[in-house]
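Before anything else, here's the structure in question.
Chain nomenclature is as follows: A, B and C, assigned in order of appearance, with residue numbering initiated at 1 for each chain independently.
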């Protein structure tokens, strides 16, 4: 099967941190959310995908092409939003457009106009006078205004208010109407990912610890609430993490492993993430 | 065509879609040959994952309710609608059998029975 | 690459007004005095600083990281800075030539030689300063920049105080050619070094 984005056995070693054997496969036409706590290796992974840093081993292909050998050609089809990176501050929108016309062969003036108008970005304002939200919207507009087939987004909605985020998620949903378009996105706003992602991949201490479709995750996991005594009777293999308070235990469990009448709440992706990395002790 | 899903009912979303589409087909709101919205459009409008809608469509196709043609979309299939309707009628008959027996046990007359049915049917 | 140079030239537009103002101001002063030579030097220095300023603007908006996600490769970024420096130094050259030929009382050969010499020095300075800037960035590279500026200046000042140093006539006669060839070699080495540094840089 072909993948829009594929990482195979990718590793990167630093002095005090390493990415260990990362495998990620994003099918065409899908949206994958990439989550992990700060320092887990999310940004390192994105940098490896974009060839901003060199990998120590493994292969990475974007839209079927190797991410180093054929990179300039593939970049025509990649739209990227990186938190905090943008055009130099003294430029205006019109100047940015002029520059991009000369960078992308497939630059689409019209699309850019439509998007910047939709995002209410003013033409004559210098980028240094843009708010964080506006800079982000500009990056998103740029990412979509050429022959983009895959969006790679690193915290593309952080710092934006819920209304703008909702608008932007709709823009992403529109993008994905073409079933050869795909999105790979990281975000701390897990509720956004829950709304829009088909797959969730989670990284922790440089290793992938979770990689399933959003539906499967939300269907199979639940939050079990019971007494400590009852908890000890549960098969540990189905418990993915737990929290203890003075009145009982809350545990993330695989729902179908629970027999009997227990209180089991639905688990959100955020719950799954938090419980998966909490290392609590009884 | 209306599809209403609930995030808080225990039922998985793909099942809800299957149930509702089946309902639309059986009740005749969707006729044989009618085009269903594309999986992606449905996912976008309902704000759910494409995988969910895909799963629902695949299940519906497996059960014979719809057919999917690559490049064209999904359409309501012909034969099964009749079959399912017959199934449902049979089930209603069986329920009615039980009702009649129970009515007999407590001496309920036919016209009283019909009145009870009318009240329930009208939703009062 | 064209896009990158356009981006730098447009981004520096805020600086142009200041430069013109300085130029006019000092032009007026030098009309009054007889020796206006520092004016030419200043224009060249400003142009070199503009190149460095453009790198600093890029750093401020983390542009390099972003640009590399577009159809732009590392080589483009490096070469565009050298070309930018060349373009700006050429502008200084033209301005200086206009000034010396039209407004100063230098002989014609001096009027041509001085601007070209300054042009050469600007390029040499850029050749020395760009590789460290690519490696360390503008903030950390500031110290190195100052060393590159002051050490040769200091050496020349000390040398001039040490009395007569004789340079053979052969060398003096061929000096322009020697200097030009050395400059080209220096720039060549600089570009190679910058490319090597930047290609291995982790963003």
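Quick note on the criterion: a residue touches a chain if its C-beta (ideal position, glycine included) is under 8 Å from a C-beta of that chain, and two chains touch if they have at least 3 such contacts.
Quantities reported herein were computed from a predicted structural model and do not represent experimental measurements.
Visitor: Chain adjacency by touch: line, ring, star, complete or other shape?
Guide: It is a line, because the chains touch in a row without closing up.
Visitor: Of the chains present, which has its C-alpha mean closest to the combined C-alpha mean?
Guide: Measuring from the global C-alpha mean, the nearest chain centre belongs to A.
Visitor: Distance between chain A and chain B based on Cα centroids, please, to the nearest Å.
Guide: The computed centroid separation for chain A versus chain B comes out at 37 Å.
Visitor: Using mean CA coordinates as chain centres, what's the chain A-chain C distance in Å?
Guide: 44
Visitor: If you average the Cα atoms of chain B and of chain C to get two centres, how far apart are those centres in Å?
Guide: Each chain reduced to its C-alpha mean, chain B and chain C end up 78 Å apart.
Visitor: In chain B, which residues are in touch with two or more of the other chains?
Guide: none
Visitor: Mind pulling the chain A residues that touch 2 or more other chains?
Guide: none
Visitor: Can you tell me which positions in chain A touch chain C when the two form their complex?
Guide: Residues 47, 50-54, 71-73, 75-76, 78, 80, 82, 84-91, 95, 98-105, 127, 152.
Visitor: Quick one: which bits of chain A touch chain B in the complex? Just the residue numbers, please.
Guide: 29-31, 173-174, 176-177, 179, 195-199, 213-215, 219, 266
Visitor: In the complex formed with chain A, which residues of chain B make contact?
Guide: Chain B reaches chain A through residues 8, 12-14, 40-41, 43-44, 47, 49-52, 55.
Visitor: For the complex, which residues does chain C have touching chain A?
Guide: It comes out as residues 2-3, 6-7, 10-14, 57-58, 60-63, 65-66, 68-73, 200, 202-203.
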